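Both of the next two complexes hold subunit A, though its partner changes from subunit B to subunit C.
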Partner chain A sequence: MRNILSILALISLFYQQLPAQEHHAEVHHETAEAHGECSCHHEEEYSPSAVAFHHIADANAFHIFGDLYVPLPCILYAPEQGWSVFMSNAFEFGHHGDGKNAVEGYVLHEGVVMRVVDASFPREKVAVECFTSREAEVDGKKREIYQVMYEGNCYDLDRKTTLDGGMLGGGISSYYDFSITKNVFTMLLTVILLLIVFLGVAKAYRTREGQAPKGMQSLMEPIVVFIRDEVAVPFLGHKYEKYLPFLLTVFFFVLGLNLIGQIPFFPGSGNVTGNLAVTSVLAIFTFFVTNLSGNKHYWEHTLWMPGVPAWIKIILTPVEIMGLIIKPTTLMLRLFANITAGHIVIIIFVSLIFIFGDVGQSLTGSITGIFIAVPLTMFMMSIELLVAFIQAFVFCILSASYISAAIEEPHHH
Partner chain B sequence: MTGTLAAIGAGLAVIGAGIGIGNIGTKAMDAIARQPEVVGDIRSNMILMAALIEGAALIAIILAFFA
Partner chain C sequence: MESILFLADFSVIRPEPGLMVWTLIIFAIFWFLMAKFAFKPIQQALKSREQDIQQALDQAKKAREEVEGVQAQNEQILIEAREERSKILKEAKDAKDAIVNEAREQAKEEASRILARARQDIENQRMAAVIDMKNQIGNFALEIAQKVLQKELENDQNRETFVKGQIENIKLN
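Coming up: the complex of A and B.
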């Protein structure tokens, strides 16, 4: 029920977004041509999908409210100019996360650091006027290129380098971003919290041997025992001890990140498990653990299935090899899509206030919106809480089932 | 236009997944009603199966938006 709901919302969102973007870019393109130079367009109409995508994205600063941001360290490297290290409040946060300054050729747009490509742009700290965007064709695909206006001229902005090879719209650009971003900060915070909890519990088990669990031990022991008895032992049999640490680590890491992502303000709000890069690394761990522990039986059944005619083997082997990659891919997409969809639905429900209220024009509309949005958001957040546990559990149980397929002993008939 | 077609494709994928997960739900409820003592096993298997179907649907949705 919940998944269908969120997937439907995701679809309607994509559906709305595509025509809206095209329209917006077109209008701007015309004005740019008409004036012969660039100009800053002013606030367009309120778009819930743009707000939602902005909120689930990674950023170089934590937004609290209004123009108040928590700065994070920026560690940037461009082959042309070397390393730049500074705190992101050097940009002076303005409206919508746009920085008022350019620092060493970098600017902050919508909370994200971008680099000015043009070499004639000053590389010291200067004030910039505003941000805009233009439509351009790169490698046969239409892309929106952000621009910054400085002393009446517009300069193209480069986005940070990503390793997706352009598949998700990124690629190698003129600089690399190694910053402690919102996601990295949240991940480090979760790791520290988990270390504090588990080192404390481990110490308690050493010092209180033979006694009943106490405090944090009583909270953690049922969860660990649940993963052992419901996931590890039924799937992995007598070899479960070897894989239990991996399963528990994945479970608590995903659960911790999911729960911290539910907190809508400062130490939380980082959408880490809703980031494809994070979930893909987790899935790659499962891929390696599965395939490195695969026995002869597993590889024989993958590469040259015994007991079927040779011409079927020719079809079966490529399918099995694809299966090796598809299994971790679904792990990656499932976690990403569930968490992202949940966050988007919450933001869309909150957006109802602005839609009904005509973006602050109508008080009655806003109040109606609040009465609709608050119960819906509360409902969605409680379901999200459930999903945080279910998705951590599903990631763990599916990893266990893939590993169990790889270490299964042959049974002769 | 591409956006509309992608949305239709994603919608079809969701219909399939909805039917699949619905079937899992009914059968699991039936099984629990018949044998309440194995409710734990049934629940974890139900979640596992639902997750597998959901995975297929998610791949379809993601492909619909990339194509």
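Coming up: the complex of A and C.
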């Protein structure tokens, strides 16, 4: 019943956003100048992939429904103009997360802060008209550049800096975003919830010493014991106690974020573990925990494998060194891909209603769509619930296996 | 072109330094707090409880073994007691037999002694009676002899002859 309600809530969310969809779905085919005469004309076109990408993306405001957003703090740094700190409601949330104002040269487009590159753009708070986009050729690749219209002129917008080195369509731009984004907010919320739960559980162990576990304690204890007895002890042996807190922290952090991301409305819906930035940092933690606890035996086997001819060692050593990086990279990609895929599939299933319903034009189509989309979405949500646990467990058990390889004692055959 | 647009909108694949920094800070603090204030105490509590349970089980096993030992001991004692009882009974029987035999012997002895004494007494009585009879017979004989003599000696001639005979007898002796 609750599932059905949440799906209905999600559907209503989409309906609320539909008119806004028109804003960004259109593509400007005319190649406009970086800052010149332009117009924002809206073509009606529903793109499920655009909706999906928008919903899994990080944002500088937390969407509740309609034009209602929870403002989040923006902490922006541009080398040209220094730090800018303000709440994102300074943008005044309009349709589909487009800000009505520009603040200190920053605008809010689709819930994401962007920076006007042009130095002639006013750096104080000004009202902007609308957003559009143009296609341009950057380094031989066609790229879509967003634009903001201010006083009849269109200004190119810069995306926030990303660390993919231009390989994935990003790169170093004119500013850095250190804001408490939707993902950071979700992470903080999850962490606080988990801390409340686990500090309570830890307290219960103190106050109820010598008694049977009760309440939250008895809910969490089997999970803790499971991670200890099925992950930590088999992999790490007698040294498990040193690494168990890390494994448990990783497990509950990932699980908490996976589960809170499953909730389709505020304060859930944040696709945190489906963001490469987050999973990469988690993988980096595993990388450091693994390699900082590596013993002589481990480094010997990594850098100069004993017992093989020298010419094989020359091939083997680079492979082993690559392996050091590849192992956490697979961790990062696996979690990211699974969670992102789950979110996308659910959004696409819900989108079926709009595809069948001709974007709200056909009621019969919409109803047909609902009968197809609701069971599919419910099925997918159940699968995702399973995936939330599986991926948290997999991240945890693979971290344990990497650590176990690093601390393994040499055994003589 | 399509794929570039796809990547352009697929922002989650582009790691943002801001989100990475926040994740780093939040996870580090979370790890520290959870490890120090939640998982270590929980781990300790679970461990000590498991040890307690193991100890309790061991103790129960030990107690059971002890009880079993005590039971075996009890049985041993019972067996020993039974043996003791039969031994005591046997001894008592022996003692009884011995006493009875002894008593019988004693009685026999006593009886024979009494018998012997009785015989002695009878003999003594008989001897006394014989002596008495002898004495009386002697006395009777003396009286008779006296009376005979008196009758004999009433005649003077006889008296003389007798005295002369006696004197002669004395002289001959």
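The rule is simple: the second predicted complex is superposed on the first by the 375 of 413 C-alpha atoms of A that agree within 3 Å, B and C clash if a C-alpha of one lies under 4 Å from a C-alpha of the other, contacts with A are read in each partner's own complex, and residues count from 1 in each chain.
One rule holds in what follows: a residue touches a chain if its C-beta (ideal position, glycine included) is under 8 Å from a C-beta of that chain, and two chains touch if they have at least 3 such contacts.
Computed from a prediction, not measured in an experiment: that's the story for all the values here.
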First (subunit B), second (subunit C), both or neither touched by A:401: first
First (subunit B), second (subunit C), both or neither touched by A:330: first
First, second, both or neither for A:390, with subunit B first and subunit C second: first
Partner chain(s) touched by A:278 [first = subunit B, second = subunit C, both, neither]: second
A:381 touches, of subunit B and subunit C: first, second, both or neither? neither
Touch count on subunit A, higher of subunit B and subunit C: C
Contact footprint of subunit A on subunit B as seen in their complex: 2-4, 6-7, 10-11, 14, 17-18, 21, 40, 44, 47-48, 51-52, 54-59, 61-62, 65-66
Residue numbers on subunit A that touch subunit C, as the complex places them: 49-50, 53-54, 56-58, 75, 112, 141-144, 160-164, 168-170, 176-181, 183-184, 187-188, 191, 194-195, 198-199, 201-202, 205-206, 209-210, 221, 224-225, 228, 241, 244-246, 248-249, 252-253, 271, 274-278, 280-282, 284-285, 336, 340
Touching residues (chain side subunit A, partner subunit B) in the complex: 3-4, 7-8, 10-12, 14-15, 17-19, 167, 230-231, 326, 329-331, 333-334, 337, 390, 393-394, 397-398, 401
Complex contacts: residues of subunit C adjacent to subunit A: 1, 4-24, 26-27, 29-31, 33-35, 37-43, 45-46, 49, 52
